[in-house]
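Have a look at the structure that comes next, please.
Residue numbering begins at 1 within each chain, and the chains themselves are lettered A, B, C and D in the order written.
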């Protein structure tokens, strides 16, 4: 199956005939529709769609395809984006001291499982430099204090711009990014929170999970927003625990969930499977095996 | 959301334009497409689709709708079936001595969760008659011996025909139906096997799971075919177990999985979410919450 | 394996030799120790133990056994309770309008899976009377208004005393019991909250889960305390959900988790597997299969 | 909590007083029993026990401890082994072309999560040499043909002996070891089979899982025995799949299960949590968090 894809993500107010008109447009333009997924939100009367096409079938320029699509999209009032899989997303990873999420992302990337470039890793410590070195990825150590954090964020931004980064992955990065920073990367910063949101927002979730005596712990990947740990959730998972786990033990068990969830969420994003609506996400699952 | 649905299940050889043409047809006929799910099997070059429409939008007779659909279906060589949700499926349950799967089905049915009628329960024992009585469903006790089994199967068939049964659910029914019986209800007999197929086909799966020392056990709901426990799988699930479970313990844990899996599979069937292909099933999941 | 058990639940400050002394005591008294589980909480320096003995080996009166045990328990400062499985717990179920948790408990009880008597069901509605009738259990309909709630709680208490109830199960009972009521049944009221605590405490958890856009929902069984939904958690479980589920859909999916979790928690309690410590529970799992 | 442990693994025919006598012995010798887990197999009348002690409390030589323990063990006919956690197990990893299991083990090892040394990696291909290099572990490329396989196995054995290897982990190593090789490392070779045993033993399990249309796939870690994929199972896990996954897709999903299961099984072994009995394993879970 061709890996060269064109993916349309579409949302609009629900009405009759959207799928008929959109699929007919692609058919008329000579495309083979590889996957077509839709979801009608009956509560909000909203419609969401993901269509992936075989890029082999593109016989015009991108601009022309997009202009033609805009013609049928306008009367339907479609809010749409198109992605060409040959355009690999540039991903920057922010890390602090823990290595497991970083390791998992770099390993999956090196095995060809994440369709992106990883031009740089930024950290406020040098603890995980050895991981970046193992995978031969440039590592920028930017130590942070409360005094220099604002300046360092500007430095991070500069590095991101220099490398044309289009997705920032906070792999257990422990500093809180400013509203200004976050809003300049709206829906382009994925964070992993080491708890099953909305439980245990903020600091020390494993300790608090231990104190609450929960029987399962989890991790949550979400887009970062102004409000700490309150952004739209992309993916979550849990593991069973018992009274036998201390906070340290929960941290160990949790690390396995964190890495799995973060990598899954990053892959959903890189494969253009996510639409954000109303602080929630529509995630169109993989259907091609 | 309207419960009055028209559901089309479609399969064919894959080709360009199927979704465009099918959805355009429904749009042109004035239908609101409530859900549209498709799957392209790239290995077999096969295409599968499930479309559900709001029956309120049906302004012609069923025959007319079906004739018109046949017109666009023919050139696409669609193999299709249509279901009207007001036509409730008549379900017969076959049981032997264990009650938990039967209980779960009857309870879900009485809570309105299974869109069907249950006109009768047939059993080769009278052990579970009290369950049928609790739910006020006619119970037919047909004791079976190796000598009378052929005759009893004819009697079962007669009862099924009298009640216009369109789905037979074997809820831990322990006799093996003849090929002849099974073939007269092709893809209309759902069986629950108390193991995670294809492991432990046949008798005493819990005992054999114990002996193998597996760390998870499961249950499998499948359409019954000529070959025991080899029919197309509809749904499966597992639970973690340990060395601590004896065969009796596994039986207890397994009963919870069996009931959950069987009820799920029956609901998939009643909601017309299943297409059988090549001894496998395409199951279109619920997407309306 | 004998069902006739004597179960000791023990807790104390940790020190050397507890397990040696306790197990030696039972051995010296002629008991076969069927199961012995222990847990040392290194953070709190606390020790917890569950020992189950074959009651066949009891050759003295209960009083004598307990007096003798007290002799070795005192120097170790053991805080202990003993249970005799022939003494079946009397369980009262409080229900409101939803039937699934009630159904599951009554079904498991009728299948002999819950070692208790269920002498009565109390409800503030008559909606689920039919379930009580099916299982032939006395049903008390006590309609509740804000004016009469205090009086009705006294009536409930009276009914519980009359029936010598030792465990109250709130099976989606929607009224909030007073502190006074709860404290008179300390660690003897199990409630099922239809969310994965500590997320979504209080009302409408499914609606709030939907709004938060979580990717998993759960249910939590806990001992009721003064603080709503904050009591020690006994058992929890989750199911994966997606954007496709509306609050109504989440309610359906959630109902299956609720019944499973509540029945599990009730069984843990009836089998004397739970020690409450510090608003958390130590749950000694089944190890006999 | 001290990491310096002494662990006893004990099995015998069940009889009264074992736990009393064993725990009393350790208490009398001045040990703090950190964990004590037991399991009575009522079907086989067998008893299994795992005791871990704080090595700080060892005030005699190992030989003396073991001789003294032998004295109480003899009349109880205990079959026992003792392990000192300061003696790190030397682990050799055998790999072929797939890297994910290898990666996971090396990463967990480098994060201090696996209590062992990994002195060498052996492979019949050079495909994964880069992973060994990243983690700076000696890599031995031994190309295999049907003609040289016997000789190469002797070479592998020589390497294992030179490095005093005490555990061999087959991390998707695709050659079949001879009976002779396996029997010289009885219960010291852990293999990961990429299916949920006993389903799909042998070659191409993902393809066969696809053809069978299973709704879950899994992986199984087990001790290698003479009979391919039939050795005692240590750990298993599954993931839900659907019709949408081709064999290639199942391979991807399966790789995540394989790495998780293999690492878990290796950790159980390294932490001396496993007793093999009757082609099954007793696995004493972690209870210290």
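Observations
Going forward, a contact is a pair of C-beta atoms (placed from the backbone, for glycine too) under 8 Å apart; a residue touches a chain by one contact, two chains touch by 3 or more.
From a predicted model like this one, the values you see are computed outputs, not experimental measurements.
When the CA atoms of chain A are superposed on those of chain B, the rotation angle is 180 degrees to the nearest 5.
More contacting C-beta pairs link the chains of B-D than the other of the two pairs B-C and B-D.
Using the mean of the Cα atoms as each chain's centre, the chain most removed from chain B is D. With centres taken as mean Cα positions, chain C sits 36 Å from chain B.
Averaged C-alpha coordinates put the centre of chain B at 41 Å from the centre of chain D.
Multi-chain contact residues of chain A, defined as those touching 2 or more other chains: 39, 42, 244, 246-247, 285, 287-288.
Interface residues of chain B facing chain D in the complex, by the touch rule stated above, are 39, 41-43, 196-200, 211-216, 218, 232-238, 242-244, 246-247, 278-283, 285. Residues 1, 16-17, 19-21, 23-24, 26-28, 30-40, 42, 287-288 of chain C are the ones that touch chain D when the two sit in their complex.
On chain B, the positions that touch chain C within their shared complex are 99-100, 103, 107, 111, 113, 134-135, 244-250, 252, 256, 260, 285-289.
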